[in-house]
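In what follows, chain A forms one complex with chain B and a second complex with chain C.
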Partner chain A sequence: MTQTLYEKIWDSHIITKQNKSSLLYVDRHFIHEVTSPQAFDGLRLNRRHVRRPDLTIATVDHNVPTVDRSLPILDQTSKIQINTLENNCREFGITIFGMQSEYQGIVHVIGPQLGITLPGTTIVCGDSHTSTHGAFGALAFGIGTSDVEHVLATQTIWTQKSKSFKIIINGKQNSAITAKDIILFIIRTIGTSGGTGTVIEYTGDVVKNFSMEQRMTICNMSIEAGARAGLIAPDEKTFDYLRNKKYTPANYESLVDLWKLNLHSDKNATFDKEININISRITPQVSWGTNPSMVSDVTSIIPYPKQYSKNDPNKLEEAKNALKYMGLKPGTPITDISIDRVFIGSCTNARLEDLIDAAKIVEGNKVSSHVKAIIVPGSQMVKKQAENLGLHKIFKRANFEWRESGCSMCLGMNDDFLLPGERCASTSNRNFEGRQGTGGRTHLVSPIMAAAAALYGHFVDVRELMSNDN
Partner chain B sequence: MISKVIAYKKNNIDTDTIIPGKYLKIHEYDELAKHAMEGLDSSFRIRTKDCSFIIAGNNFGCGSSREHAPIALSYSGIKIILALSFARIFYRNAIDGAFIIPIEIDQNTYNSINDNDELDIDVQNNKIANLTTSRTYITKPFPNLVKKIIDAGGIFKLDV
Partner chain C sequence: MTIESVNFIRSIITPLNKSNVDTDQIIPKQFLKLISKTGFGKYLFYNWRFDSNGKKITKFVLNDQIYKNSKILVTRDNFGCGSSREHAVWALIDYGFKVIIAPSFADIFYENCFKNRLLPIITTDKVINKLITFKSKMEINLSSQTIKINSDLINFEIDAIKKQNILDGLDYIGLTFKYKSKIEDYEKNSNVPSIL
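Moving on to the complex of A and B:
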């Protein structure tokens, strides 16, 4: 019988079944300060312990300040949440990469960087962007706090098998078209619930040629299409990336041999759904609305709600509301949209390659005088790597702020947020109303598009700045 | 269960709309509830005094895995949400924590229930009676295990 990669990982983790539901073993459980406190309270209340503290890894990311870490945290509620996680980890014997750790960072950035994320494993975390780890051929998905408590107590999770969805990405990739543009284009094509009830496996030449960091960007935003998880079959790039990391297992090479044999969808494996995406002709993508499917080509205009909705009354209303919230007029060229803020960061786009690419655009230029721009590396390790390459100097010279690692302005929990009416070019993953701050207006773009927008004060087609390159 | 329904007839009501990120530092559930839906509907708190149901379109609860979303709605007094479809993490959180009962409805049911209608929702028998219009609707039964968790009052009370 032929099987998909998803089915193989699923089957190898079933402990028991009940009707259509299965109890799955969890290989890795990442926790952070926001979705774990009530779970630990629940454990204490019921006198339970953490079943596998050795498979549970904690860091602080959502709430941490991104300015000077030597200073105390001023926001008392943030401070309490961060201290609570540290105390809980101490009490239950869990490894934590805290505020001062050289390994602190966004949980989905540090998992792979530390070699904790491994192919063929099941990974859960109280965060929807856990889908990121699927880039390594792991079945990884976000859960809520009740499930966090369940996993802490039992190292298992009850769940139903999803449908399988194969997205084949082919075509010629221009260097200005990043993984971010491609995933925005996919969500624009299939919609925010296009992946609901499915686990997406991304395949095709473009995916094969992607670096691991690009694969992470793609899998990261699978949740924005409503998918349970995103998956990419591991290959030599995957194995190379995870070799010689802090937590790479001692028997790594023999694991690699096994993974090579098993971890791929069999030839002729059947998927419940399948689509082809050709990227040869796509342009840099810019979101204009309040969900991640409301996206235009940079060469295009803000759509007219009637055209956009294609006679769907719900979509018509959504588009009108979105334009009202965003303060945009239909017909406006995307490149005429001025911006106030730029955020290069988040678990979608704050890895070393993202910063290297952005720095190439920025080098020798200055941020527009009316724009405030910040760069928030995904982890302390990314920050250090970038500084070793001198990227921080390029950014600082251009008047970008160079910050400490964390989730930051992606969700505006710490001091980094938009003011009402402020418009931001952001490399994050959600443009929901109020996501980056009450009344804030988010345009989702790639790191190079964000960098270019910072310099010009409005969106520009970044391909024009890279003309020698391609 | 009999109560009135608040209609938000739109798709993609996301978790940042239900409870914005800046409130995720709040651990007291009643305090969290004060900010539920504040960006979408400033009258939400007042309306929950006599409305325990919400009706909404596709993909309700999309976005973040924050369980604060069903918690904030639950502690505002919402017991049941009827929607054309739910985002999966929200759906799980609502059921596992026994905060909200999420019920998927079809397009006809969606079209014929209006804001402020009084509904009698029979979760056990998958029926909705619209007392305002005297119409009745059948809803899709819950999957087996989901039903067991709902009946048990959350995943921790489940006796498998």
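Moving on to the complex of A and C:
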């Protein structure tokens, strides 16, 4: 019988079945300060312990300040949440990378960087962007706090098998077209619920040629299409990436041999759903609305709600509301949209390659005088690597602020948020109303598009700045 | 007098006529810093209910006094999309909702509902169109898996264990402990090493 990669990982982790639900073993569990306190309370209330503290890793990312780590946290509620996680980890014997750790960072950035994320494993975290780890051929998905408690207590999770969805990405990739543009294009094509109830496996030449960091960007935003997880079959790039990291297992090479044999969808495996995406003709993508499927080409205009909705009354209303919230008029060229803020960061786009690419656009230029731009590296390790390359100097000279690592303005739980009416070019993953700050207006773009927008004060077709290579 | 248990709900409908309502709208991020499960109701749909001065936005449906004691929220496609925050479910329950009816739900939100005995019912667009304009009280019977409006009975599907959990409030962790020896066997045979 032929099987998909998803089915192979699923089957190899089943402890037992009951009706439609299966109890799966969890190989790796990540926790952070926002979605874990109530889970630990539940354990205490029922006098339960953490079954496998050695399979759980904690860090603080959502709430942490990014300005100066030597100063105390001013926001008392953030401080309580961070202290609560530290106390819980101490009480239950879990390793934590706290505020001062050289390994602190966004949980989905540090997992792979530390070699904790491994192919063929199951990975969960109380965070929807856990799908990121699927880039390594791991079955990784976000869970709620009740399930966090369940995993802490049992190292397993009750869940139902999703349908399988294969997205084949082919075509010629222009260097100005990043993984971010491609995933935005995919979400625009299939919609925010196009992947609901499925696990997406990405294949095709474009995916094969992607770096690991590009693969992470693609898998990261699978959840924005509604998918439970994104998945990419591991190859030599995957194995190389995870070799010689801090937590790479001692038996790594023998694991690699096994993974090479097993971790791929069989040749004739059948998927419940399948689509082809050709990227040869896509342009840099810019979101204009309040969900990640509301996206235009940079060469295009803000759509007219009537055209956009294609006679669907709900969609029509949605588009009108979105334009009202965003303060945009139909027919406006995307490149005429002025911005106030730029955020380069988040678990989608704050890895070293993202910063290298952005720095190439920024080098020798200045941020537009009316724009406030920040760079928030995804982890302390990314920050250090970037500084070793001198990227921080390029950004600082251009008047970008160079920050400490964390989720920061992706969701604005710390001090980094938009003020009402402010418009931001952001490399994050969600343009929901108020996501980056109440009343704030988010446009999702790639790191190079965000960097270019910072310099010009409005969106520009970044391809024009990269005319020498094609 | 009708006794309203989780099994039987009789209530008017709060119509939220929007698709893709994300969990950032259900409970905005500034309220995620609480470390308990209670007290989120007053922040439900905060940015839609209140303006920047904290004043009620009268045209938002939850601010209409008619719906004050409603236990049923009827909405459109892909409800609960985005962030995995279970706080969204805690806020809906704390506010007083016991049932959410939509044509589809986001996967993580749907799972989170059951863990907290909030009943998510999936039904057709046609039924939703009917419900969203229905002004009188409707009835939901979980045992028989039916929605009743006027004299119309409409069936809905729900997984047996999930149904049992809404009715009885299962201790999932306690249930899983029954499989302890199977979990131990799995661990013995696993070649995935400990992280540390």
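Heads up, the rule we're going with is that the second predicted complex is superposed on the first by the 470 of 470 C-alpha atoms of A that agree within 3 Å, B and C clash if a C-alpha of one lies under 4 Å from a C-alpha of the other, contacts with A are read in each partner's own complex, and residues count from 1 in each chain.
To be clear about the criterion, a contact is a pair of C-beta atoms (placed from the backbone, for glycine too) under 8 Å apart; a residue touches a chain by one contact, two chains touch by 3 or more.
A quick note: this is a predicted structure, and the numbers were derived from the prediction, not measured.
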item: Simultaneous placement of chain C and chain B on chain A, clash or fit; value: clash
item: First (chain B), second (chain C), both or neither touched by A:226; value: both
item: Touched partner set for A:249, first chain B, second chain C, both or neither; value: second
item: Which of chain B and chain C A:8 touches, first, second, both or neither; value: neither
item: More chain A residues in contact [chain B versus chain C]; value: C
item: Chain B versus chain C as contact partner of A:196, first or second or both or neither; value: both
item: First, second, both or neither for A:215, with chain B first and chain C second; value: neither
item: Which of chain B and chain C A:420 touches, first, second, both or neither; value: second
item: Contact residues of chain A, present in both the chain B and the chain C interface; value: 18-21, 34-35, 37-38, 46, 62-63, 75, 77-78, 80-81, 126-128, 142-147, 149-150, 158, 160, 192-193, 196-197, 223, 226, 228, 291, 314-315, 317-318, 321, 411-413, 430, 432-435, 438
item: Residue numbers on chain C that touch chain A, as the complex places them; value: 17-20, 22, 24-25, 28-30, 32-37, 47, 52, 76-78, 81-87, 89, 104, 106-108, 111-112, 115-116, 159-161, 172-173, 176-177, 179, 182-183, 186-187, 190-196
item: Chain C partner contacts - residues on chain A that touch it in the complex; value: 15-16, 18-21, 23, 25, 27-28, 34-35, 37-38, 41, 46, 48, 51-52, 54-57, 62-63, 75, 77-78, 80-81, 84, 95, 116, 118, 120-121, 126-128, 141-147, 149-150, 153-156, 158-160, 162, 192-193, 196-197, 223-224, 226, 228, 247, 249-251, 255, 258, 291, 314-315, 317-318, 321, 411-413, 420, 430, 432-435, 438-439
item: Of all residues in chain A, those that touch chain B in their complex; value: 18-21, 34-35, 37-38, 42, 46, 62-63, 75, 77-78, 80-81, 126-128, 130, 142-147, 149-150, 158, 160, 192-193, 196-197, 223, 226, 228, 291, 314-315, 317-318, 321, 411-413, 417, 430, 432-435, 437-438
item: Complex interface listing, chain B residues touching chain A; value: 9-12, 14-17, 20-22, 24-27, 39-40, 57-59, 62-67, 70, 85, 87-89, 92-93, 96-97, 143-145, 154-156, 160
